[in-house]
Amino acid sequence: MIDKISPSLRQAVADLHDGASIMISGFGDAGAPHELMEAVIAHGASDLTIISNNAGAGESGIAALIKANRVRKVICSFPRQAASHHFDARYRAGEVELELVPQGNLAARIQAAGSGLGAIFTPTGYGTLLAQGKETREIDGRNYVLEYPIHADFALIKARAGDRWGNLVYRKVARNFGPIMAMAAKTTIAQVAEVVELGALDPETVVTPGIFVNRVVQVAPLSVAAAA
Amino acid sequence: MIDKISPSLRQAVADLHDGASIMISGFGDAGAPHELMEAVIAHGASDLTIISNNAGAGESGIAALIKANRVRKVICSFPRQAASHHFDARYRAGEVELELVPQGNLAARIQAAGSGLGAIFTPTGYGTLLAQGKETREIDGRNYVLEYPIHADFALIKARAGDRWGNLVYRKVARNFGPIMAMAAKTTIAQVAEVVELGALDPETVVTPGIFVNRVVQVAPLSVAAAA
Amino acid sequence: MQRMNREEMAARVARDIPEGAYVNLGIGLPTMVANFLPQERDIFLQSENGLLGMGPAPAEEDVDWELINAGKQPVTLLAGGSFFHHGDSFSMMRGGHIDICVLGAFQVSVNGDLANWHTGAPDAIPAVGGAMDLAVGAKQVFVMMDLMTKRGQSKLVAQCSYPLTGLSCVSRVYTDVAVFDVGPAGAHVVEMVPGMTIDQLRDMTGVDLQLALEGV
Amino acid sequence: MQRMNREEMAARVARDIPEGAYVNLGIGLPTMVANFLPQERDIFLQSENGLLGMGPAPAEEDVDWELINAGKQPVTLLAGGSFFHHGDSFSMMRGGHIDICVLGAFQVSVNGDLANWHTGAPDAIPAVGGAMDLAVGAKQVFVMMDLMTKRGQSKLVAQCSYPLTGLSCVSRVYTDVAVFDVGPAGAHVVEMVPGMTIDQLRDMTGVDLQLALEGV
């Protein structure tokens, strides 16, 4: 019997390794898997590459990983925020590398990885600093930049509910990067507010089919409200 | 007030034009918008390019369009079927052009159109007849073929239910190409078994947001069962 | 001359958004446009973090931190709205499905180049978010900004000196003193606040301006 | 020598599919493998027309023509299954998420090239479906076929003469008389029906074969 439910956050992240690349869902706090990130800090893995929309704010989540000196590089679209002081400091000190990617290219490159494409020509960023040095091409009168997939060793995502086969549904805009990161990582670990019986999720409304999910771990619900 | 509900099939397809490119959802009969296709035949538009998984079977749907001599070209993955005699005959007579596309490249090229990409490097078809003359590239040790988006003037799709803003949900595997074709066509027309009030569809489970749909027209339910 | 305040600018932009439009409002000033959209029009607000059919801010007791806009402010969802993931959201944007986006700017050039993500200062930490996707993806890009910086420099320029967000992407610029069309044909003044003249605008901006006033 | 019939071949393939595998079974002969998967294993069948967790054929009165497999035969959905669109379905396949696909073939070469979509006959109407996507996308591609054509020609060949479906994609070939591993190291016989010898197989196929029998 296949049971992807992990008994604990600790066991869910047990095979992380130094130097791993980790996708982390979330747009602001919505969809950010705070409990999984705490488990990563407790685990101790370092030299991590973080792929996420932001570079952390305040004292928790990605900010806490950076503060704990676990992060070598951040690939994101929007690092600078009101409370991104931990990233800001390490970045200015040259201790954390930044690859800045327009948000839609971040999404498209993650999708390219998940769907097995070798590269994509995207119009976003053409003629800007963020396309410098990249191959470009005019196609049908429009200019495009060649962008490559972003793969990752792990994806840590947050969903509303999951079952033992790894099927997931999300809640409101906490969905954001979860479904596409789940498809792009070698190992996807989802924290959910609720583990449900197999068959409890309507097959028409499953957002992430279990094939894209390796582990599901239950955390206390309402963690976003608590974190906010 | 925006109301995308069309009062009739006839009015839903009234602005078709000779030479139009039309995406048609369906995998076999599942998801095939038979009533919309009948409306296209009644409308009279000809010289059409049909983009669909199949090239029609039996006497209805795409087969009927071909039989009525309305089709100039078919872009599809699987034209040859047990009852594809109308396509077979016209194709052998040189009256219908065929662009054969592997099914996943068909999907990916439709998605590229819907999402504004200029081209994609796909591994599918590399080294085969279907990649002959196409640009190829080795990326990270793997070989890819450059494929371009497939756009269309119209998409005719079939959904289970829709509302006046064009939101759609589907039924089982009748979903198939509907959601991605809706995103790739200039004008998307959906036939549904049920028109529901705005707000009746759960926002978490809308598969095609209304932004991708121009017209919704109700047809008698159970048309698939009748066609089968 | 009576400069428009932020509310007046937002109301002015709102007037140009037709029934049925799919609209993305950028972070900051553009977000205010939502407050001035005519109630009688169905206008669809998209937020790049995955919702379409965005409604007004909730009452304090209804705040849900999993229902926020791109500026991370709590919002609501209208009946008929929907949620989707970031891939679909940016397909919506990049794929030309958004009719209008309204963005703030550091600079806009007379031919429609946009600079709104980076001052180019050597010690700045750049952050781009979805700005470049909106710039290339929306059918029309409107910019909303004060015409002049606090230091008295025009933000409508012959050529942007700040790093670009997108090339030739802006079609219309709403400022506190005038509305401009920009693009391949250069900058045209389509509206001015009472008491403003084209010569004054030429003086302020230092760019070539044509008059193409629209009927009021 | 006792050739395996279709059921025995399907049962033999089924034995090699481990618990937890995500599997796509091609149209025709491979579809039969589903009937021989051990009940006690959770094995996930994917069908490219948009379902995961495919169950057995329904009773006649439960047939639903919107619940069919890639061969357009009625199927069922297991508890825990899900539906998705063609984009997601082929992302699943092309993105390396399917562990095993089982395909029929016209020819397989000793290095793993696959020909299964087109005989190359000048009057044939070609149809490819999802074969090329499965060939490049699945982690392992198994082929199931009779070793010899009805005319007595080997379908395991030094080099395919039919148009290719994919290059170097097949890892294992299940036939009515033997099981072969194919790939960069050439063809190895891993199993033979009782009474068969490697020399006989060499005679039948005319290709270079090594013996690498697996423990039974």
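Letters A, B, C and D name the chains as they come in the text, with residue numbers starting at 1 for each one.
FYI, contacts are C-beta pairs under 8 Å (C-beta built on N, C-alpha and C of every residue); 3 or more make two chains touch, one makes a residue touch a chain.
Predicted, not measured: the structure shown is a model, and the values here were computed from it.
With chains reduced to the mean position of their C-alpha atoms, the one farthest from chain D is C. Two chain pairs are in question, B-D and A-D; the one with more C-beta pairs in contact is B-D. If each chain is reduced to the centroid of its CA atoms, chain A and chain B end up 33 Å from each other. Separating the CA-averaged centres of chain B and chain D is a span of 29 Å.
Taking each chain's centre as the average of its CA atoms, chain C and chain D sit 55 Å apart. Once the centre of each chain is set as its mean CA position, chain A and chain D turn out to be 35 Å apart.
In chain C, the residues that reach two or more other chains under the touch definition are 51, 77, 83-84, 87, 90, 94, 136-137.
Those residues of chain B in touch with two or more other chains are numbered 108, 111, 115-117, 122-123, 170-172, 204. Chain-to-chain contact here is organised irregularly, matching neither a line nor a ring nor a star, and falling short of all pairs touching.
Pairwise chain contacts in this structure: A-B, A-C, A-D, B-C, B-D.
Residues 108, 112, 115-123, 137, 139-140, 142, 144, 148, 169-172, 202, 204-205 of chain A are the ones touching chain B in the complex. Chain A contributes residues 27-31, 53, 77-81, 84, 87-88, 91-92, 98, 100-105, 107-108, 110-111, 122-130, 143, 170-180, 207, 224-225, 227-228 to its touches with chain C in the complex.
Of all residues in chain D, only 19-20, 22, 42, 44, 46, 51-53, 77, 79-84, 88, 90-92, 94-98, 136-137 touch chain A in the complex they form. Contacts from chain A toward chain D in the complex involve residues 1-2, 111, 113-117, 163-165, 167, 183, 198-199, 201, 203-204, 206, 209-212. Residues of chain C that touch chain A in their complex: 47-51, 64-68, 70, 72, 77, 83-87, 89-90, 93-94, 118, 123, 125-133, 136-137, 163-167.
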